[in-house]
Structures are given as structure tokens and as C-alpha cells.
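In C-alpha cells below, several structures.
Two complexes come next, and they have one chain in common, chain A, joined by chain B in the first and chain C in the second.
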Partner chain A sequence: MGDVKLAFVVQKPQYKSETSRLAITHAISYQTVEILLEDGDIVTPTLCFVGEGVLGLQKGQKAMDLYGITSTETHIKNCLLVDLDVLVCKEDLAKYGIPEDMMPDAEDMGADKKIKVAPFSEIQKAMEDAKHVLFF
Partner chain B sequence: MKLAVFVSDFKLACDTLERLNADKLGIIFVANGVYHATTKENGKSSSLLDKAPNLYALSEDIQTRGMKDEDVDKRVKVVNYSDVVDIIFNEYDKLAWI
Partner chain C sequence: MATLTIGCFPGLVGNMTYDFALKLAEAAVNKGHKVNIWFSGNASGSVKAKQKHLKDYSTGEKHLRALIEKGVEICTCEACSIARGVDKTNAIEGIQWNAMHWYLAKIHASDRVLQIGGE
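Up next, the complex of A and B:
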């Protein structure tokens, strides 16, 4: 039995390309990967946003209203709903002047889990602890 | 040449724009380019805001990203899709997308 830790690190802003969004959807789908593992093994993903990756996480996104696409905000809420650990770099939020209280939560969907605004050192630790680190 | 340049990235556009010359240069921030108009890095506005007197940012792309039209730098005019069509047809000869 083992715990396979994965770190999904998003370093590009949302919306322009698909890669940054793929990190989120891949992380959400982590439970489906467990069927490929040995009995008793589990997968524990951590979704991290660093650098320009912190752009496009703010709540109040109107992507569905304006373009008919699921917003990154909704994807993040889905992450919290499945108890995914989501870390957002504190230093990079400060660098771009984004208040921490602009990070979305999924309380309205019944999720207890919240985004954790964390110093880069904590994100670095998550990467060090992970068996696989995937950059998007 | 009257040139309107669409900027749709946050970081990749600056070097190219440095070299572009036009009698009238306009910059239209769309997609992730709108961060040039809304976001300060380490408290400093994007250098692109000093490149041209005619700056526009697409409202739909600002709001898609959870920001408000009021978040836009005062040098930049917030426009919608209809406005962009009018701008590129009526005010510029050529267009570039970087």
C-alpha cells in the first residue's frame, strides 16, 4: 500500500491556452487513476498556482455568461468539492496586487475545503514530497 | 501607417511592440492581454501603457477573468466587441495580432 503524491503546478494564466485549465481538470480526475494502481494504493494530488498561474483565479468570473464556457472559478470550486488540496502562492498574489479574499470558495456547493494561500516554500515542499511533478 | 495591435498575452508582447513604428499606434488588449490594463506587477503598471496614446481593453475579457471594468488603468478605454469592430474599421489601416 502506498500513497502516490502528485503535484500539479500551474505557472501560466488561465483562459488563453488550454494547458493551465488542463492542470485543474487532470487534478480533479485523480480518483479515476486509482483503478490503474495496486490494491490499496491511493493518489493524492496537490494543485499549486505560482507566478502568472495565480492570474485568472479571482471570484466573480463571467466566462459562462459571456462566452458560454465553464469558468476557472467553477473548476476550482469543483476541486474543493472533491477535497483537493489547492495552494496559491502568497508572494505571487502580492506581486500582482490580488487580495487573498478574492480567491473563490465552494461554500455554496457545500464544500468545507478552502483554497490555501501559502508561501512558496510550502509549495516547494509539496513538489519535493510528490512522486511526480507536472508543470502546466 | 495607422496600426492597431491586438495584444492577447500578458508577458510575451512587449519585445515585439518595442520595434513597431506607426504614425498612429493603437493597442487593443484582449484575452490575457487585459492584465496589462488591470494588473500592476510589484506595484508597477505594464510598460505597454506608455507605448501608445490609444489604448483599449475588451470588457468581455476583463469580466471573464473576474475583474471589473473599473479595475482598468485610467489611460485605457474599456470597449466591447462592437466598439472593437468600429475601431479597427474606422480608425486604423492595418492590424497586427501579437
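Up next, the complex of A and C:
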């Protein structure tokens, strides 16, 4: 079956619902799925944040300090560390007045990958290219 | 016949979305399709055994047992379940326990995927 492309589309704000967090952790699990697949089969996810889903992604989060739970920022960094494609909708960031340079990176962890702030047309293309689209 | 994988995330009680997911699975398996169900988020609490079916509340256990009997593969996210105090010793037998990559692996082999969102 080869490479199956998936689009994980997050529409809910982080911390408001559990599923917006679960989208990230499910996407990250592509790193270990090969143990359950035949040789040569892979899953390639793209994690997309649109609408209210762009809320709660900013760097500088203190969730562990204040609530004792891992922050979305930490999860995003882990995504970048495992070379996951992360797209954040440019128009929606602008709508909420969130500067693009507030998006976290994982340079301190040695990741080359960065979040891509992309126009919605590019996110739509990722959805069209995917075999399955999962909305969270 | 096709393979359908359902990602089920809503809680058992509080809405009818969970009920819909199980009804849909039943309809698909009755038509001869292969069906997989992945529980994550609040849905992972529904794998606890000894549920009492009060008529004012949705119930999962008897429907899950029937689906397992019909060959539906049902798996819960282990981390999600144990975070809610449900573990293998107090869960419905026949439910599989695994990590999120189980869902991705089932998706890989599926013709259709329905992601049924939760809270």
C-alpha cells in the first residue's frame, strides 16, 4: 500500500478541548507506526492548524509550571524534532493578531524543521493530497 | 467488502455522538464490511466493565461486547484510559489496548476513515 498521506486538521483552540491536543500526539505517533506495518509501508502526516485552531500555539507557554501538564509548545517542538510537517494558517493568525514570529521552533533541541506559516490554499492542497483527512 | 476505521473521541455520556459511532459500526459490519474502532480522549473511559445501563444514560458495554462478537476490532488508547482510572483489570474483555500508532496502522489499511470528534 506504500505511503498513505494523512492530513490532521485542528480547528479547536489548544487547552479548550482535549482533542486539539490529541491531534498533535496522534500525528507524532507516525514515528512508531512502522512496527505495525508491512515493510515499505509508511504513513506521512501533515499537521494543519486553521481557524480557532491557531490559538494557543505561541511560544513561551508555562503549562508545566502552572498546571503540571505538558504545554502545546512542547508538543509542537516534538513534532518538529521528528520532522513532521506543521502548517499554520497565515490568514487565521492575522485574523487573531498573532505575529508569525510567535510560533515556536525547536532549534534548542536540534531540530532543523520549522513551522510553516502557510496560506490556506496550501493547507487545502495538503488536504487534497491526503488519502484521509482527520478533523480535530 | 471494504475496511472502515472509526476514530471515536467523544465521551459515552453527555451526547449521542458515541452512540452514533457504535450504531454506524454495527450497520457496516452487518453489511459484511471489516470495521475497526479506535477510542481516544473521553471515549477511552467507555471501556470500563460493569456499566449499569440506566435508561436515562447512553451505555457502551453491551454494544461493545456485541460488536466484538461480530469481529469488530476495538482498541483503546492505553494512556487515555489509565489517565481515567480504567486499566486492563477493570476493562471489558476483548478490547485491545495500544498506543496511537494502532489507529494510524488501521487507517493505513482502510478504504474509509471516519474521525468522530469529541470534547
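Convention: the second predicted complex is superposed on the first by the 135 of 136 C-alpha atoms of A that agree within 3 Å, B and C clash if a C-alpha of one lies under 4 Å from a C-alpha of the other, contacts with A are read in each partner's own complex, and residues count from 1 in each chain.
In this text, a residue touches a chain if its C-beta (ideal position, glycine included) is under 8 Å from a C-beta of that chain, and two chains touch if they have at least 3 such contacts.
The shown structure was predicted, so the numbers you read here are calculated from the model rather than taken from an experiment.
Asker: Quick check on the superposition: with chain A as the shared anchor, is it clash or fit for chain B versus chain C?
Answerer: fit
Asker: Write the angle, vertex at the C-alpha centre of chain A, between the C-alpha centres of chain B and chain C, to the nearest 10 degrees.
Answerer: 90
Asker: Could you tell me if A:H26 is touching chain B, chain C, both of them or neither one (first, second, both, neither)?
Answerer: Touch status of A:H26: second partner only.
Asker: Between chain B (first) and chain C (second), which does A:S71 come into contact with in this model arrangement: first, second, both, or neither?
Answerer: It touches chain B, and chain C stays clear.
Asker: Going by the contact rule set out at the top, does A:M102 touch chain B (first), chain C (second), both, or neither?
Answerer: The first partner, chain B, only.
Asker: Can A:K59 be said to touch chain B (first), chain C (second), both, or neither?
Answerer: First partner only, chain B.
Asker: Considering only touches as defined above, state whether A:F49 meets chain B (first), chain C (second), both or neither.
Answerer: A:F49: touches no partner chain.
Asker: Please give the least Cα distance, whole angstrom, that chain B and chain C reach in the superposed model.
Answerer: 12 Å.
Asker: Where on chain A do the contacts from chain B and from chain C line up?
Answerer: none
Asker: Can you name the residues of chain C that touch chain A in the complex?
Answerer: 7, 9, 40-42, 99-105, 107-110, 113, 115, 117-119
Asker: If we count contacts the way the header does, which residues on chain A are in touch with chain B in the complex?
Answerer: Answer in residue numbers: 13-16, 52, 55-63, 65-67, 71, 73, 95-98, 102.
Asker: Give every residue of chain A touching chain C within the complex, in rising order.
Answerer: By the definition above, chain A touches chain C via 1, 4, 6, 17-19, 22, 25-26, 28-30, 32-33, 35-37, 41, 43, 45, 132, 134-136.
Asker: Can you list the residues on chain B that touch chain A in the complex?
Answerer: 8-11, 31-32, 35, 39-43, 60, 63-68
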